[in-house]
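One structure is given below, represented as structure tokens, and several questions about it will come after.
Chain lettering (A, B, C and D) follows the sequence in which the chains are written, and residue indices restart at 1 in each chain.
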């Protein structure tokens, strides 16, 4: 069973069907099609306000383009030191912004800390030509540690950002998982808490390759269309991005899929955490589990063909997905239990 | 009927099926999957040599990334003045190369002219720090004027490029149409004629969004993987790009679709060119028709719902595609004929 | 005698003295010194209005930084096809703007033509994401052909630019020569005619290495200080740039030096143009002479040690400077006359 | 007395004289002059090997250009977290490299630590497209904490870098101070210890604005001339940069000036450190003093007109220079002593 990442999965049948259905007949290219317009309407309805929406194919593009719309080349973008934009994009934000600086900040549970952010901004040298200039704050929801920000936590960060007149971006590659977990509305988790731009992910949660960059403040979006084209991220047959998003948002599919992934993560982490020698590194609040296992258990599971990442030392990352089967989860727990028992007998 | 562009079409059923089939089961992400490996093998077989292949989703990305692999920021890239990379990418090559300069050269029929290229390179100031440095030559096959380069024409340009030690890139957004027209092998039209890197298009010819960047000289590809990732063009679920290319290359689908598009262009241009007051601006050698129509005929066709671009004055562009119906072509010819006759009676 | 360029000269004694005088005692660094403030005041007085001034050391920096303040990465900058920014900066504007596109336009006498500019802008595709977006117009005063724009000519270009809401930059590497020739005030030649930013050159006209970027619209200058620092063009010991500019502007030195250079160009071109077989390519309106000489005369002059550039075929460029000696000019005329006579006897 | 920075000083008379002397007569521009050639020879002799030398005017330019010659846009540059390139250049390295990432590492006394560097490189993800790729190591000599690296310390870092095939750059804005302190030869402190490129500073140590980028491995310098021009850092009247460097290197002026600055730092720090409540934060090994003073002493000194930076809390930075007068140092010590005594009486 493959718990390596949610991106080892294929696409949800509903989304594949939407894609196939969208293929028939001619339609205007480059986003002038009715399906793309409908996606904007759906997202506006979902977020309960007017929005400007740009579909793109990858999360890297969504984040880097969004940040480039916010930060000048001489800007500083504040993020968690372990954030994906800072560590796993091979410098995409730096490329798209033409050289802005990502300032990685520490924070427990993968979350930015308002006090740390404020302290950093207090001595950021705004207006001093020797220093890159504060330009934006970006946070990840759900975080890279598998935790989620509550609306209050988002608001506390946004408040600091706003005090320094900085726009707030949210990397929502796993936004659906956060919404599914928290039970708050998408609006509560974003613009009502001070988020200005959201990278609204679908790829990991059942799409083939589709994300929507959602601007809650239209004036921030002015350069985006040109930047997207210039970055090669404007699809000529845009209907095929929009169809995925349309299917994703139809009949609550996006939340249904995320709830399932979260439930599987809960089930798996609960089963494993009950075993001796096993410790959760972070609370499991989305579909990622960071958990410490005894070395023999890690080896035994690998030997039996379970796929997962060794994160750091004995901490491994297990990711469940929209299509993770409960029986696979249960089998892994059973196997881990057997390994734990064998280990106990040995000692 | 919509002759606006080949990108107003959906996807070929065979490619949609390949996509759907590829969705089942987990598979490694980011291009480590067997399907992506198979695409490389297929392309190697098709081109009769070892190649390095990178699937991407758009032609803009394919071209800009390929050029960035060839040209330093202080480089000059020689292209036709009307080439897509020069006029229709909102500066993508400039972004990806970090500021290289596209030098647009004139040339009849949308083709670069070896003598013009040589004359330009002769006074390019190579080695002189005041001038951008010759870095690459790029040509489009089929061209932006709907013509095609013969292998000899490609070789003549490549010979000039090689004399100045410049690599040659081919923008093959409509490469299939050129191969279908010319009857030469893909190898003859590319590396045997001196092409070093090919953007091998599929999107316009029946895919949803898929292009392959094909390096015939592996040493030129060294930075590509990093550049692709950094540009947000590395798909996590790469199988969905590769599946499209796989379907495209299966059982000669790519050529079959292109032959159809070309045949429809022939049929349409022949029918129209026979009418009084109608003149072809360029020979029709792929699936694009640049043709001068009498103004009343243009208005009449627009009135009847035919879609096409007004290119320049009375010259319009008509593009046929992999799925253009012969009856639609015939109907347009009939309508144009009726308009021509009506016009003749008026005068 | 060296007529290769005005940059083969040293520095005017007055400027060297100002530099030396400025060296004594401590003074705030990075432009916070009183001398830099005085330079701004002097320039404001000279241009009869409030200005924002940034001293830099090279014309390349002045122009590229100014253009980067005006054009986004997806912008188009309209310039003469032979302009220095387009041909002789190794792509500096592209680097500083992060990839904007220079659009070189033809124009007689090295001057941009308002009709050509308007026609180009009419079909520039403003608002269309496929095309780089019109961002700025830049003109060179005196031009790269040794001619000058009258205030009316500048205004005609600026009027077109303003109709498309584009700011106007003037590359004034030889601004002093233009002012000296035309007799109009600096204000008349710049902001009163619609210029928004001026690169006010001093290096070629007697300074060591100093130019002032002068913003007539302060709101355009907002990013400049950061861009200058980031480009390594903020001098820690700024006093040494400002001292040069201060000396340059003291007691009308800048105009006196330029008048001399112009007078020497007049003298030299008049003397040469009177000879048989000699033709001026462009009117001599500043300190550059583009002139066609018989091949034997070229060779003879080179043989006697005269330095100049072979521009194109038999056209050579001769540049006089702030310190060109009249006797050197006269000697060259005499030698050229002797060569012309010898040639006449031969034939 | 101004101890704010060494850049509040003017220029050494010997350097001003060299500059003035260099002004007479015409000379080839853009570095083709004999004086520039002589500077290269002098630097080669000083470093006891062949070198490629590029004069530039600022340390920001020297460092950013050198790093751009070493690191691709997707590169990682390892530096001390407090290094000038990381904190005080408004992102110049990011601009010049087109977006490479500076990875700031902790290290006592402002020095990079070999073990930390190795541990970082061990998990840098070399070859993994998701991560920026290790490209260069840069260290500052003397450091931003006023300490110096011994040849052995440089070699230990370079050894780690070489193990990962990374070139080593040294920011030598205060290289002279380090050489003056350590007594080792310039060669021992650079290439013999594994340094590949040196930014050899002169500005802070008596020049007006001049630094030399010195390549010990010529193959690394291939792109430099183009990058320098493109960045606006190629001076047309290059003689005026070279003259400064020539004067700097004549008769050991550079070392003499640095020794004086160091001696003044020793004298000042010794005098202050002897007072109650005063603690040196770092050993004084060059011309910068980081020292903790009682708050009343800070206020008292400021009140008496002494200039210095408040660094952090009660730690202030005092910088001596090539022209610091011993009597000014002594006066400050006396005043500080008086303040300390007054303070003691109060309590």
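Criterion: contacts are C-beta pairs under 8 Å (C-beta built on N, C-alpha and C of every residue); 3 or more make two chains touch, one makes a residue touch a chain.
On a predicted model such as this, the values are computed, not experimentally measured, just so you know.
Distance from the centre of chain D peaks at B, each centre being the average of the chain's Cα atoms.
Set against one another, A-C and C-D show the most C-beta pairs in contact at C-D.
Look at where the CA atoms of chain B average out and do the same for chain C: the two points lie 42 Å apart. Taking each chain's centre as the average of its CA atoms, chain C and chain D sit 35 Å apart. Distance between chain centres (mean CA atoms), chain A to chain C: 52 Å. Looking at chain C, residues 30, 73-74, 89-91, 95, 98-99, 129-130, 133, 226, 229-230, 234 sit in touch with two or more other chains.
If you check the complex, the residues on chain D that touch chain A are 73-74, 87-91, 94-95, 97-102, 129-133.
Of all residues in chain A, those touching chain B in their complex are 2, 4-5, 7-11, 16, 19-20, 22-30, 56-62, 64-65, 89-92, 95-96, 203-204, 208-209, 226, 229-237, 239-241, 307. The residues of chain D lying in touch with chain B in their complex are 30, 72-74, 98-99, 129-130, 133, 223, 225-230, 234.
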